[in-house]
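Working notes, structure below.
So that you can tell them apart, the chains are marked A, B, C and D in the order they are listed, and the count of residues begins at 1 in each.
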């Protein structure tokens, strides 16, 4: 719902008006959209407020109230960003919780004489804490694509809430509503395939892919080839919008190099003979659903789907980026740290850099060199120390609450995965070099250990490590 | 979810276990269903409580928690009515709101120094008022037919809540959850037709019809004939369960006799030439959704559908029962009331009854005679007074809040309909005679007046009356 | 397309006019239906002939020709049986093969100088043998339910062709067209289930069931229970009309008693534990497809479907009637035949009948007694001889071409089944007693032997016999 | 089924083997595919012949015969082009019509004594003219994508038939089979849209577009924009393969410039306000269906669909190429022809060319100049004469049977369209300049005149001309 996106969304909305409550009411409620000016000046705002009140008071009955809410939603869609902030502020300032009513309810609650009265007072207090804007928000669902409208509305409300407390409570309520509607058991797991998905949906994959950018239709087609799978969660009322999607490669043995996986000229593997499924990209597609998480469910449902389709699969693993590695490295690893290099590695690095002239020994300065990964000698020299550092970063560096410092690591470890293998130069793209000096990591999902791993990690921050990673940590 | 229904629902549930979270976990969570005894003795209850706690603590992670909730749901299905009450009591007594936490939050709220703190404390107070059982209830959605499970669960919880306050707050929370999930804009309006609906769905119409009982498949087929329509609202996760449905006859002129409408041997009307749609039966199908109302929406959506399919339709009216008429009549109308009869009516009644012997003049005693409606003279004598009384009952008798005393009247009047016409001997079935002395009524939906009617009725109890009804009230 | 059926089919046709070629043309072609009199008197017939010619000459182009054909089809539907015969005769007499053109083509063919000329002349001769009515028939496909129209047309043409040679060639051509359109690989195998099939389709099962009549909806529901399956073949353009359907019971061990299978009060078997699938009824549903056979394909596809759904199934067998047994018995088995009875059986029969008085020994006269099967002594006496006679009838009695005399036996034996077991009093219904003295038979489909059995039977009439049946034949 | 396409088709076929007859038979029939060598040497050919015979003799029964046919089809798919020709020759030489049987049948036919015998002999003669390969061809339908297989087979058979008479009769039979299966009333008209069509289907549009090449996904998306429509005919058994498709632009007034229509940067028109639908591209997608025409039907069905969706549309017109114009011009128009130019045009041309140096006056030599259309003076000079010549070419130049010389003109004129308008420089692409000196033409579909136009054109070659075109012809 940026200016650009909202324009086309609006177009669709206004064009594709499915039959709904809109048609039931006379035409009167549809007029505001046309007459309200984009920046919502004072007069228009006043009129809008009247409309909002009418809607909340259920004027004309339930059906009319829905129609009115849809009309308000269309007004919103026609506003520019200034007008939209004013619209939301109108709601936030006029239809929040009534503090005096809360005080009154608290008084009744405290005065309650017996458990029965107490129960009644509790319910009344809960009621007093419900802001009227909840009803307004809920009824925007009457728009033809009402659920998407609300998801996008939240994407616009969130940055406002970060900078202005007035919007916080409303954002929190909207998140509650969406969390209820997007209960994971309402979602549909769907395979997204070249043979069945519409071009309109596939375009969205290109737009939403957040890990390894999709470079046009050929790249996309390659990711949906016979030895690939893509799955997403969808909401029944947003059938053309993935909420989250994962891309999987069917291979033999655990992959360590994402360039190989994404190579459009590589031959296909026979998926029926593959023994390993590599989850190499997971992207959240809806900013407005921030804080409502599906990733854990998605991975496990997809493991299940793949197991059913390909009985030969034995191993389920990710090939993941390490987004925070370089930042941590630059910020916290002193070049003088005693055990960064073995003596031999130090010699090799000096030799390699000496030939290039200068920069002897400083890890950070070597990493700052452009295209260092194309220099075989430097690579040889850095492989050991960087891999060990990455293992240490992933396995041992924590932030508050015993959470892994790396956000991707935290996600998979809290899902119960094992830290399986570091992959030297697994991602040589610009982004991969900048974020993680080209390193990638595999998190392994072993269904038999997932629960125990989750418990150990959540309760004490303990990380399940493969023997390979353990070795890296010892040296 | 009576004993009988739950058995077959259970059967379906256990047999049709679609792929879901169940399959992801190992088999361990499924065992309780088998081992828990139907009446839930102490030991089993204890074990269940542990499971519930594990589920609430998210032990093993999000996915495991859902699996555990589904297992708990299956335990419930296997219990008898004694066991089920114990199960619900376990939840009600162990996972309600923590009063001390509420007190603490109230304290914080009152101590809040500025509006920012106040806002935070408000959110915290709302949180403290959320009972943990909410999460348990929500997660039962992980069952293959989880939504239906919860609807049926509420149908069993409601009578308990009426007799025992311990269940009241839980019932209120469950109603909240369902109200959010059954937001009317999530529902699908579907035509239910002989050519497309499954036999399993049609069977449910027979079972759920609440106004004019459906007497087998021939009767049903007649109600789905070419000059009839049946529509229902459905939830996407309960595709084979109507929530509410309405039966409509396409006719010429407003119908006044339901026996004529239901006559299976009557010839069909050409629906394209019909000018009137008669809504002759509306039935709520899910007891567990009591208090969440769809009827108003259904009628108006159906008006819209019919208008699109049959442009010739000019009039939309119900043919409705008057369920409370006789009860009111017997209780409140004194036979000696001066203006019940005209002199001529009084004479006619005496003559009619004199021929039958005795019972002179007493309205109540005549109505108590078996099959009086087969006596033409009595009918002739009673038509005037009873029709006037019914008009008075519907238009003028109120209960608290200016609501019409008759529940069906209240429903249609608050929807904005007009009280159009009384129909003498419109329903001569046993039920029709017992409830309303055979009288029926038409409520007319005139789209142009609906909003104004709704406002007048809701704000002041004013009823829109046709000139015919007005005349009845004058005499 | 009897009077009665055609009326309702016509209704549907005229009402449900889907958008099609009809709408493209102006309204002119639709007029005839209204103006043509039902018995097609001379004048109307003449006009019709002009229309047919226009259609064949493609007047107005391809699209107009289709529209015209549809209009002709509607005329046909509006005729009574007299009119319909005249309509078909018009076609048969005016649009058959032109004999002189055939003679001409034969001449050219014989004069052909070389293989190239010969090939051309062959094609020309084939062309000359194509009657113009083929094009008319084909284009009736332009009717909204054109395929069903042609199937029903053939059902009406067949009896005419039997009594009047003028219709024979046209019937043969129509059969050719239908055989091409109903190629078995165009058909869809669909399960017909209580939960998914429409009431309109299920009604047709009741109407079309040809082996064991379905006695209302309860009986039908029982046949679609969890331990039953029903499958049919459907054509994509006749989605609501089964072509043929089979009813299957999932049981343990081979069933021998159809009353037990059809008992609505019997408890369900757990289908997942069943080891045997019993095909107890196969019905062709479309008379107009006579001579185009699907049964063989249906059985084997269903075996495959069931094997996939129920891996425990080991045995696939029919429980079949023996429709020609009594007729054969009465006509050809002399009571004096020496080996009909063992001495003991003869004694037992005399004793049993003696007690009843008279009729000593004559098999035929005993079988003529009403309700003899309720007399245990008679049953005991007849079991041996009748079972042996039935085995002999099924295994050894032939008609021309080494075909089994019994039509059901011929069907299954030519499909490669084995004659497995005779079942004494397997069908005690009136029909079962009249056709086969209550005997039923199992034909076993053993996939490993089907091809060899088929070959042996088709080439030499050899029947695969179980050891049990062999024993019966020896005595 | 070129080498390249067939490879991927084969892949799909072998991978996606849906459940079918294949699974029923044991594995034995599947073996040949693996063991037959791609170029089908003598030994393999011999074995194949045996298989073909077994299939024709129905060895093992109907079902086995289908399985065998599918196995033969898979063998074919695995062959290279040499092997495939041998495969087809095996069929052509071994399973054609038996000449002696034909002679015999002719004899019987001539000897027939009465009309009854004659009828029987006629049927027998028709039978004798049916080559056995028909059955083989038909049964290839047992392949999972059997219909597509046969369509592609014919695409490979057609060039063989052109060079070798041995294949001609088989090609003619295959065309017959396909013509029956692809009866236009079996086809589904489907809209092909960006929001609903799969990427796999859309890729085929790019591949099959035959008029104005689609330059990648952006170009395609533009052709499926909100003011565009694309429709195709599909066969139910080839759901992902369009048979023919048409691209339509919704505009105001008749378009004369295809570059404007295809401009991806042009703004969209509001389709609801458009008054004209321009059919600017019609492509046949299946070479194997050559000679079975759908275009006439497609255009009229699409006119109907569009009329229903957009009631504002008043005019339906093509914007068509004139593929044969330059060829005719170069071959038959003498530069010295007296009336090619008016005196003024001649002067203008000389002036324009004089400035360029040389080439005075010769039309052909000017047209041979590269990029002449970028020279405004030349364009101005040529516009008159070329437009008049094109009108003459389209309206008056005929080939045998009074057919328009230009194939596109013949198609639309025989459909009943009117020759409406010539468009100067309507297609300035390389192809447009080479084929038609940049000229394009509109054919107008006026539903009220279509039939009369068709009749006039088919019977006498008369062309319906707009007044504008008539003026061009007069000068």
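Keep in mind that, in the parts below, contacts are C-beta pairs under 8 Å (C-beta built on N, C-alpha and C of every residue); 3 or more make two chains touch, one makes a residue touch a chain.
No experiment lies behind these values; they were computed from the predicted model shown.
Q: Rounded to a whole Å, what is the gap between the Cα centroids of chain A and chain D?
A: Centres of chain A and chain D (C-alpha means) sit 48 Å apart.
Q: So what's the Cα centroid distance for chain B and chain D, whole Å?
A: Roughly 60 Å separates the two chain centres.
Q: So what's the Cα centroid distance for chain A and chain B, whole Å?
A: 41
Q: Two-or-more-chain contact residues of chain A, please, as numbers and ranges.
A: none
Q: Specify the contact topology among the chains shown, as one of line, ring, star, complete or other.
A: ring
Q: Can you give me every chain pair that touches, using the contact definition above?
A: The set of touching chain pairs is A-B, A-D, B-C, C-D.
Q: Taking the touch rule as given, give the residues of chain B at its contact with chain C in the complex, in rising order.
A: 11, 15, 193-200, 202, 216-217, 221, 224, 226, 240
Q: Show me the residue ranges of chain C that touch chain D in the complex, using the header's touch definition.
A: Touching chain D from chain C are residues 19, 21, 23-24, 26, 59-64, 66, 97, 99, 102, 106, 109-110, 115-116, 118-119, 122-123, 125-126, 129, 138, 141-142, 146, 165, 168-169, 172, 177, 180-181, 183-186, 236-237, 293, 296-297, 300-301, 303-304, 308, 414-416, 447-448, 450-451, 454-455, 458.
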